[in-house]
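What follows are several structures.
The two complexes that follow have subunit A in common; it is paired with subunit B in the first and with subunit C in the second.
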Partner chain A sequence: MTTKPLRLKELAKGEDRFAHGHRMCAGCGAPIVVKQVLMATDYPIIASNATGCLEVSSCIQQFTAWKIPWIHSAFENAAATISGVETMYRSLVKQGKIEEQNVKFVSFAGDGGTYDIGFQSLSGAMERGHDMMYICYDNGAYMNTGIQRSSATPFGANTTTCPAGDAIPGKLQHRKDLTRIMAAHGIPYVAQASPANWMDLMKKVQKAFEIKGPKFLNVIAPCNRGWRTKTDDAITLAKIAFETCYWPLFEIENGVTKITSKPKEKKPLVDFLKPQGRFKHMFAPENEWMLVQAQEYVDAQWERLLKDEAAG
Partner chain B sequence: MSKKFWEELPQGSVVLEAGSSAKFKTGSWRSMRPRWIEENCIQCMFCWMYCPDMSVKVTEEGKRADFDFEYCKGCGICALECPGKKGNKAIVMEGEGN
Partner chain C sequence: MGKIVAVTGNEACALALRQINPDVCAAYPITPATDLMQRFSGYVNDGKVDTELILVESEHSAMSACIGAAAAGGRVATATSSQGLALMWEMLYIAAGTRLPIVMPLVNRALSAPLNIHGDHSDGMGARDTGWIQLYSENAQEAYDNTIMAFRIAEHLDVRLPIMVCMDGFIVSHSIERVEYVDDADVKNFVGKFEAVHPLLDLENPKSYGPLILTDLYHEYKRAQHEVMTKVPAVIETVSAEFAKMTGREYNLFEKYRLEDAEIAIVVMSSAAGTTKDIIDQYREKGVKIGLLKPRMFRPFPFTEIAEALKHVKAIAVLDRADSFGGMGPLYSEIAACVMQMDSKPAVTNKIFGLGGRDYLPDQAEYVIDELIEIAKSGKVKTVKEYIGVRE
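Moving on to the complex of A and B:
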């Protein structure tokens, strides 16, 4: 199939494969991610979805927002489920029971379902080499059950299981660098994207669909309930996230790292933290050390990424 | 959509109609309402691309049409991201019912 041209005017003429009437909160970033992923290609797609906000709100008995075959099994096994579907498809094609139709297999899951609870099934599916793409929409906590910390929750964030108060000033650990962990699986394609740079995100999806084998895409998905922000700033924050290098846009193709969009000038991390209520306490005078530490961590990660890129 | 009893539902919680969520109108969630000012619109389609609720209508020629108020939840993302013409926004948010 020829790659779909990514011109907004042309794309707008197409039909959405994710319908309105879903029940994600007003201004949620996750449906923007899903619609961009599905819009990037005309290939037939079959998806699995781990339990979480996206799954719970996109398919409520009789009402599904999905216009593609979609399956929900459990929280911990989205990757195992789609790897089974992919294997069955290959087997049926081999047996001559169905025709090869270039079907693409995708898993969607939140960060809790990816970094923590679904990690073993994700790691296993990647190691077995299934022809599938796993897409994590990372909103930085278990949002669907009321903002519990996950290993993707950034340092300092206030969540219901690491509440900022007298005992602790929010989360004391840095986030798990899952994108690099996935790259360490030696799979052919790993990337990080943001819906605020739709072109970059969709190019990555297109590229990944042309690669055989396991692919992993980590996409930042602002959540105004959990981040304690306004309902209108999901895209603005998803943009500041890469402008501050908190969420760099890069890909690792066959082990080679490439930063796909470098900010002209690296903005200070506080530009990302300040608009979010979950980091409010970090701006109290006694917590200044937290701002320093958060910035140092982002700087170190960014320097390492630049080095990886330079190493080729 | 009429409610079904469990005996009438397909087995295994299978939903057979793709995109049936369209029967559930989320427009009633809105407390703020976007207004499109066509003369300031440069047809960039950012609002369409970023709307989480697929609530910006498009004509057959791929041009921006009005909002779909049956589904728009009034989040305001479209208004915030709209570049408009010469700094004049083509989308403004107003209180619902005003």
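Moving on to the complex of A and C:
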């Protein structure tokens, strides 16, 4: 049996391959994503990790939360690093120096380490066709260094490098649509997921692990420090992100787009923006245009996705 | 005796890599190192090696992939030059700090700006503090021999550090010279099997590589790294002695040429040592007691041994094929540190030569020697640091 059944009762009994006791902030979305990924499968996994919140908080001195082989080398190279590990594995198996063990190779990186500084390394590894899955936990900013803007930061957000000031009201650019960019690499599997829809996320992970070649998974990972929300809001916000179609759940398998879960009723984007302090200034009367523009962008992206799906 | 051939430095190093048959190589093109990995790629695609090649999209990724591959637990090599090494800079420290025995021929080339593809040591010197072992080679034969020995040195269980095998861009990488190869079977036997230490691919014993270590232990880790470096010279000597037994070619931490009874000396690395030796022979015929010291191992630097070897001379000229702008040449600084250990305190000058592939010609060596003769007589140094071979 390669894909195990996703029943909570049994999953809860499984071994935790990302141990508690790590030092991520209370309420952080990223470790939930990691746990769901590792829980979805019994395959042996070797992971690389880009510098960032997850990395600095999970392996400190002689303490590690990782019960799988894990390597961090730098910020912009999680993909290149794991591509080296994966290639060594293939080489040693080919030469009969080690036994084939059906190992899965995974990279974890934040949005900064993925959309921005690690983009070249990621693009290169995908093009080379390594058998690996790259997982971006997207919290929409450089959180580890103190909430600076990244190209994944949503329009309007107040960050420490694009603060909502008197002259410039936060980030004036829309997010980079990385998931589509990754799909444009022509790799066999690209998907977007959310820890709020854990079953959907785990199914995607399971499916991806059955596919040979490069895979890319983009997962929303709310950050209460950066988003200026309540400590225990991560899953609620991830759910609203899905319901407002800010973060649609879809996959692109061999070029065919499929929305894996659609909200029953598409909620207005303000439902997602309102609970977050980083968007507070957008609700001032003089910034109403920002709310309009943010909604228009989400609508256009959603329409495009529906069209892509219809096109098959 | 092995086969004698007429080949370039790159060709010889590529052949060494074929004989060694690393498990993984990552490559990215840059003049003048391109040709080396290009030739090696030919061996890969002709099935002459088992190596898996990763044709990365940058040198940063090349070193990152080497780090991943080496941590996975196998033999790893790459090669680069100049801007490529500069782009790797961040990862060089990580390769060394993680104690990964990666072997990298470095075809020495100038750094931009202005853009220049020719040989000097700016790239290697820029990486001198990264924690890599550095061997410098005078000619294709040395580059070939050093490449073979490099695997043994880097992978030695007392060492486990990455190593650069340096040769001068174009002057050595692209010039055809006489090289004596070692037989394939002998190389294989000499290099031996790779022994993985804490490999990531050991699924039964999962290891975490690359932790965060702050003020409470970072300092101790760095001291440990320093201590490992102090073990390198002995390993290089042992490996070199074994190599000499196999080939008859002797290598030490540095080479001494007519130095025993010398009153004045030139210290210079790599290909320029060859030219200098010729001129020294001419002066010797005139009765001038001059000798040469050519460091082979630049990192770690054999301070005590070099101090011992130079302590009897009156004046030393250190020739640097790189500059530290506003400071002294990097080799000069090391030799000055050696002189500090001597009671005799010979006078030392620093000549910067051959940047961006500027030819190092006999008249430059003559100029340096004539000045050394003067300094030895008067005991006075007029200019400590001077550019030579400059077009005015």
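By our rule, the second predicted complex is superposed on the first by the 311 of 312 C-alpha atoms of A that agree within 3 Å, B and C clash if a C-alpha of one lies under 4 Å from a C-alpha of the other, contacts with A are read in each partner's own complex, and residues count from 1 in each chain.
Here, a residue touches a chain if its C-beta (ideal position, glycine included) is under 8 Å from a C-beta of that chain, and two chains touch if they have at least 3 such contacts.
Just so you know, these numbers come straight off a predicted model, no measurement behind them.
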**OP:** Look at A:Asp200 in the shared chain and tell me whether it touches subunit B only, subunit C only, both, or neither; answer first, second, both or neither.
**Re:** neither
Original post:
Of the two partner chains, subunit B (first) and subunit C (second), which one does A:Asp111 touch, if any: first, second, both, or neither?
Top reply: neither
**OP:** Please work out whether A:Ser48 is in contact with subunit B alone, subunit C alone, both, or neither, and reply first, second, both or neither.
**Re:** second
**OP:** Applying the touch criterion given at the start, work out whether A:Asp232 contacts subunit B, subunit C, both or neither, answering first, second, both or neither.
**Re:** first
**OP:** Applying the touch criterion given at the start, work out whether A:Gly21 contacts subunit B, subunit C, both or neither, answering first, second, both or neither.
**Re:** first
**OP:** Considering only the touch criterion stated at the top, classify A:Gln61 as touching first (subunit B), second (subunit C), both, or neither.
**Re:** both
Original post:
Can A:Asp308 be said to touch subunit B (first), subunit C (second), both, or neither?
Top reply: neither
Original post:
Counting only touches as set out at the top, which of subunit B and subunit C does A:Gly84 meet: first, second, both, neither?
Top reply: second
**OP:** For A:Val103, select first, second, both or neither according to whether it touches subunit B, subunit C, the two together, or no partner.
**Re:** second
Original post:
Between subunit B and subunit C, which residues of subunit A are contacted by each of them?
Top reply: 59-62, 64, 66-68
Original post:
Which of the residues in subunit A end up touching subunit C in this complex?
Top reply: 44, 46, 48-49, 55-56, 59-62, 64, 66-74, 76-77, 80-92, 94-95, 97-98, 101, 103, 120-121, 123-125, 127-128
Subject >> Residues on subunit C engaged by subunit A in the complex (per definition of touch) >> reply: 23-24, 26, 50-52, 54-58, 60-62, 64-74, 76, 90-91, 94, 98, 200-203, 206-214, 216-217
Original post:
Which of the residues in subunit B end up touching subunit A in this complex?
Top reply: 1, 4, 9, 13, 15, 17-26, 29-30, 43-46, 48-55, 58, 60-62, 64, 68, 70-71, 73-77, 79-81, 93
**OP:** Spell out the residues on subunit A that touch subunit B in their complex, using ranges where they run on.
**Re:** 8-13, 16, 18-32, 35-36, 58-68, 195, 198, 230-236
